[in-house]
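For clarity, chains are labelled A, B, C and D in written order, and residue numbers in each chain start from 1.
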Amino acid sequence: MYLARYATAAVAASTILGLLSVTAVYAVPKTNLLSQWDNGSDAAAIAKLGEMFTAAGGKWESTSIAGHTANTLAKLRADVVSGNLPPAVQLKGPEIAEWDATGMTLSLDEIARKENWDGVVAPELLSVMKPKGSWVAVPMNIHRINWMWASKIVLDKVGIKEMPKTWAEFNADAEKVKAAGIIPIAHGSADWTDATTFEIVVYGMDIDLFRKAFIEGNTDAMRSPQMVAAFEQYRKMVKWMDPGIAGRAWDAAANMMLTGQAAFFFMGDWSIGTFNAGGFKEGVDYLCGQAPADNGKPGFILNSDSVVFFKQKDADYLAGSKLLAHLIMTKEFQTIFNQAKGSIPARLDVDLSKGFNPCQQKSQQDLGESIKAGTLVRSFAHNMTILQKYRGAAMEVITEFVNTPNLAANDAANRMAEAVEAQQ
Amino acid sequence: MASLTIRNLNKTFGSVAVLKGIDLEVETGEFVVLVGPSGCGKSTLLAMIAGLESVSAGEIRIGERIVNGVAPKDRDIAMVFQSYALYPTMTVRANITFGMESRGVPKQAQAEALARVAALLQIQGLLDRKPSQLSGGQRQRVAMGRALVRDPALFLFDEPLSNLDAKLRVEMRTEIKKLYQRLGQTTIYVTHDQVEAMTLASRIAVMHQGRLQQFAEPRTVYDRPANMFVAGFIGSPPMNFLPAQISASGPAVLVLEESEGQGTRLPLPDDVAQSAGDGRRVLLGIRPENLTRYDHRWADEKPCLGTIKAPVEIVEPTGAETMAVVRIGSREVIARYEPDAAPAIGETVTLAVDMAKACLFDPATEMLI
Amino acid sequence: MAEAAGYDPLGAAGTWRHQRAKLVVYTLLCLFALYYVLPLGVVILNSFRDLPDINRNGLIGLPHSFSLNYWSLAWDKFCVGGTCAGIEPFFFNSVSMVVPATIISTAVGAVNGYVLAKWRFTGSEVLFGLMTLGVFMPGQMVLLPWARVLGWLGLTNTTSGLVLIHCVQGLSFTTLFCRNYYVNIPDDLIKAARIDGAGFWRIFRKIVLPLSPPILIVTVIWQFTNIWNEFLFAVIFSSGTHQPITAALIALSAGGTSVHQYNVESAAVLIAALPPLLVYVFGGRYFLRGLTQGALK
Amino acid sequence: MAVEPVTLTSVKAAPNHGRMLRERLATILPQLVLAPSLFATLIYVFVFCGWTIWISLSNSSLLPDYSISGFHHYVELWSNRRWTIAYTNLFLFTSLYVIGATAIGLLLAILIDQRVRAEALWRTIYLYPLAVSFVVTGTVWRWLLSPSTGVERVVHQLGWASFKFDWLVQREMAIYTVVITGIWQASGFVMALFLAGLRSIDPDLVKAAQIDGASMPRIYRRIILPAIGPIFISVLVVLLQFAIKTFDLVIALTGGGPGIATTVPAIYVYDLMFQRGQMAEGAAAAIMILLALSLVLVPYTIWKNWRERREAARG
């Protein structure tokens, strides 16, 4: 009797211990992704990532914060100050380096080596994702900024056969459109949209100026005659916009182009998501082309969304971070995510022939050519180059220029240089 | 029931002294009225007896117990407020039983006490009403009921009748008197109305500027006021004051300083003159009812009668009596007339002064001589 | 009738002038009403229109199409805030935050007001002054200190943390409202109750609380709508599936890099605004009464 | 006889001890009850303010850093164009908003006070904006005020092609659209406050003035408005603190644009502290907001104290 009882107890105990050790070894991967993709198609794309995570046996949670990027960053800061590092956060450009410098980020070198990320990710992204030589961020996509979209209806009506290749051609075409009583450029003014269009102008006019001013943050370049010339070109373009730009959402501006109220529209490739959702077709309703570049070379302004992982005490979250990093880099996710968002995969080895929009295919092709031509740059307007404080100061001047008709190009250039210098 | 003893009680708010050295001994079963003009400290004194204000110095005893630091609820007192302080959200019933409920009195006992008080005050029909549905007089009764329902050591009344109209006030005054005569509880009653004080009190404590001026039976306070303040405060219309000088050469007389001609001479009881001293300057205090139309028949009845001639300036009939304001020297003096014998304005009348009832005050100290 | 007690400013004038004056009054009232109702009207109409209608005829216009479908889409299908379950989960997150925060801050405010109005002690007026300073703190400034405090208390990213924040930030208001109201309760009532043997809490429960409904309604309306609509803390101090409704609201109103479905978004916005709107519509009368009786003096 | 006092004291002594403690507790109970809220509020107000002052004097950038580096962030702040625009906007917006909301609120209160029919309906209509988040109403107002989607477009469609209402996109005028929207939201609340005041006026006062032959406008100007004087002060203080804290309205309506024309200090603080990683300068800006607040609060407190003392003196 005694013995039997003892045996039963022992068996029970060892079973429980066994179970415990099993759970300890096989942690349930957990994560909570903090991002600003909060709405509509963006949210759907992130929800897809969540499904993949769950399917791989993880416990998925996401926190999406809208509006101002400041909200996401405020949330990140609040979490850090409260001592609860978030496991995964959508961060980009120089912010990756800044947060990496705090020593709170999680190194992903092990998994990167195993999956050969260095071999498949676009080279221009490597320095961003590995600020100190160690992988701390996972790129989700490559956005192209220097797109020019045009309304097929308007071009046909006005008789423009080909997308303009240089700014001179563009200016001539815009005049034609204007003469036909149609708004030449659809635009919605906000600091980031104004800066997006302006960086396209600067890039198209003088790629060296772009590098000096917007990548190195050189203030002499900002007040140079070339920059003044770029502002002058921009002033012309602002005059070709309608008076209702202030406060207009960018997608409302896209709609003006799509419905033939306006001819051209400068915006990154996330517009494709909007075009698709509205049922508009490339070649029928709209055309896509590289924004004008006076050097005649293929060019590419790149923006990339990425996820940074922070150190965690909980083994479940560590496992989750590894799983999430792995999933983001899979071809499957890169395909699904980018088909929804209009961008192209951050991996160069994904086949875009199926399920991608023709413009996206062109984007991938141009990326390759641009790398060859040495014209690939990262986007200043989308926070891939200089620190937020310099970028913010410069963008303020650009958006002020757009909204102040009597602000001279020369003054704007000087003001931009001064604003950035004030932050140094 | 208990006595109340107050010794050298002081109260200061910041640097302001509100009560200065109050001594008061109230015997068991006495009805003491604290009376005085507003701001004299009487309500503060009552609040201190109730425990609603702290004691700055001195001591308060209820019965044998010093209650200085005792919470109001443990002092075994009941209080009726000027505003009645009926709980507006409770019915009359709940208002009356609230105190017993707070003290955990059994329901049965509560009901009995309620029935007793309701019958006593004849408010049986009002028990389920809210205070807002009661008239002023009914509210007053309920407020009394709330106090009467217990059998406290001490009843405290804080100007309970001042919110009632004149007629009701007189009625309720009588009611309170009846109740007291029936229950015989030790009661402290604050009022600024000297008529209430006179009618209700077994003893009156007159207060002024934080000091107790006089503490005595109503009759004494009226007839022999301790000082000019009490003399002026108690009695309506108030006592008249006339400057005068004592002359003890021959039969003692008082010479008015400011009368027509070379000074009217009024007879003075010898003992008064002697105790005051010859040639002393005094203030003559004489109540209006002791200053009236001269009648020859009185010469025999009233041994100490003087006369003054004065012109009438104003005549005020009040119904039962008529007041005549006459001028003596620079002073206006009020005399009392029977309505059918009232003088005419402008007439110079001869007034009889009943010097047996006169009070003499020291002009410097204002104290009764 | 309450009106009978009031005065009739126009009553004394002649009939013709009276009529003309009435006309002016109602015209003005209607004009202002238009100014006030317009935004709400636009959103309500849009919540029933289909997308082509909105895109073709603009955001402002009478419906050429009508469907109730968008309301149900908005409630539990629309993709917002990283999930595609509509705003329903956000809605209930908000409820579970707003209800306790409102009740606690009102209750504590009432007790504080009771102490500060009826149990004054040396320095209590100064303390009251200091407490009301909390009304003026800008939200952006206190964000990080709050993060630190929540970290210490272990309440980061929890509903309890948000409840705590809203309670502390609301205390200044609730205390101010209640104290100013309770000051008008006669001191004699409290004294009478003390002589009747009631203590601190019994007086509060039996005497003060039954007199409080007007001010409690003001406080509850104020707290409820403010906490429901507050977005900075709601967004920063919540996480994952605990985000309150304002997090979803910003997602709806902000541009973002995705496509606007104005009809569903309008419906979502209306659902999100419904609780405070209802509170105002049904509590408005009491709100005014509470204000009249001394909430703000 | 000799035994009795002994038993009395021995019986009384034991409960006396507990009783004394209980009574002590009872006397400080109000303070005890107040203490937790007081503690929380004082931390909230003073410690949080102190923390911000400290940060503004430090070198904090991405995250708080507690080494003091002096006042240079304040100097930088005032040399920043955007900040001077924000501060100027604050004063422009605040004064127009306070005046406008007070005037409209008062007018509405007076109109409603004319014994109108369906009073509750009018009140609800005017009061509801306060119930809805600015995140929502700001967006809708943007639609309404934007020339391409809003009022201007509708009027054009109705056939008046030259009609212009494009303040939202005019650099100099955009701040006034913020004022319009702000007034829209707050004036209903102001109306409620004034209405409460008007209702508390003794009707005899107005009757007396009517008998004296005063016209209605004159009665309002000379009798009623002076009688509700204290309400004006309450309204001013409430509106001022709303105005100075303005944040979500501007974010939703103009995003601080066109350009940076409608930036306000609260947005500036938020941008610097959270988006740009310039925490110290952001904290300095927050302190400047507090200073602007104290410009309002200090005179108000002095006035209030003076009034209370005067009332106390009158007894």
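The rule we apply is simple: a contact is a pair of C-beta atoms (placed from the backbone, for glycine too) under 8 Å apart; a residue touches a chain by one contact, two chains touch by 3 or more.
What you are looking at is a predicted structure, and each value in this text was computed from that prediction instead of being measured.
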Checklist outcome for this item: Counting C-beta pairs in contact for A-C and for C-D, the higher total belongs to C-D
Next on the checklist: Please identify the chain with the largest separation between its CA centroid and the CA centroid of subunit D.
Outcome noted: B
Item to check | Inter-chain centre distance, subunit A versus subunit C - centres from mean C-alpha coordinates, in Å | outcome: 38
Next on the checklist: Quick check: how many Å separate the C-alpha centres of subunit C and subunit D?
Outcome noted: 14
Checklist entry - What whole-Å value do you get for the distance between subunit A and subunit B if each is reduced to the mean of its CA atoms? => result 92
Next on the checklist: Averaging over Cα atoms per chain, report the distance between subunit B and subunit D in Å.
Outcome noted: 54
Checklist entry - Of all the residues in subunit A, which ones touch at least 2 other chains? => result 67-68, 71, 74, 77, 81, 190, 252
Checklist entry - Residue numbers in subunit D touching 2 or more other chains? => result 26, 64, 149, 270, 273-274
Checklist entry - Where does subunit B touch two or more other chains at once, residue-wise? => result 71
Next on the checklist: Residue numbers of subunit A touching subunit C in their complex, please.
Outcome noted: 32-44, 46-47, 50, 61-68, 71, 74-75, 77-79, 81-84, 86, 190, 249-252, 255, 259, 270, 273-274, 277-278, 341
Checklist entry - Which residues of subunit B touch subunit C in their complex? => result 47, 50-52, 71-73, 77-79, 81-85, 87-90, 98-99, 102-103, 146
Item to check | subunit C residues touching subunit D - in the complex, by the definition given at the top | outcome: 3, 5-10, 12-13, 21-22, 25-26, 28-29, 32-33, 35-40, 42-43, 58-61, 108, 111-112, 115-116, 119, 121, 127, 129-131, 133-146, 149, 168-169, 171-172, 175, 199-200, 225, 228-229, 231-232, 246, 249-250, 253, 269, 272-273, 276-277, 279-281, 284-285, 287-288, 291-292, 296-297
Next on the checklist: Touching residues of subunit A toward subunit D in the complex: what are they?
Outcome noted: 67-71, 73-74, 77, 80-81, 98-99, 102, 189-191, 242-248, 252, 387-389, 392, 396, 399-404, 415, 419, 422-423
Checklist outcome for this item: In the complex, the residues of subunit C that touch subunit A are 55, 79-84, 143-144, 146-148, 150-151, 156-157, 235-241, 243, 247, 250-261
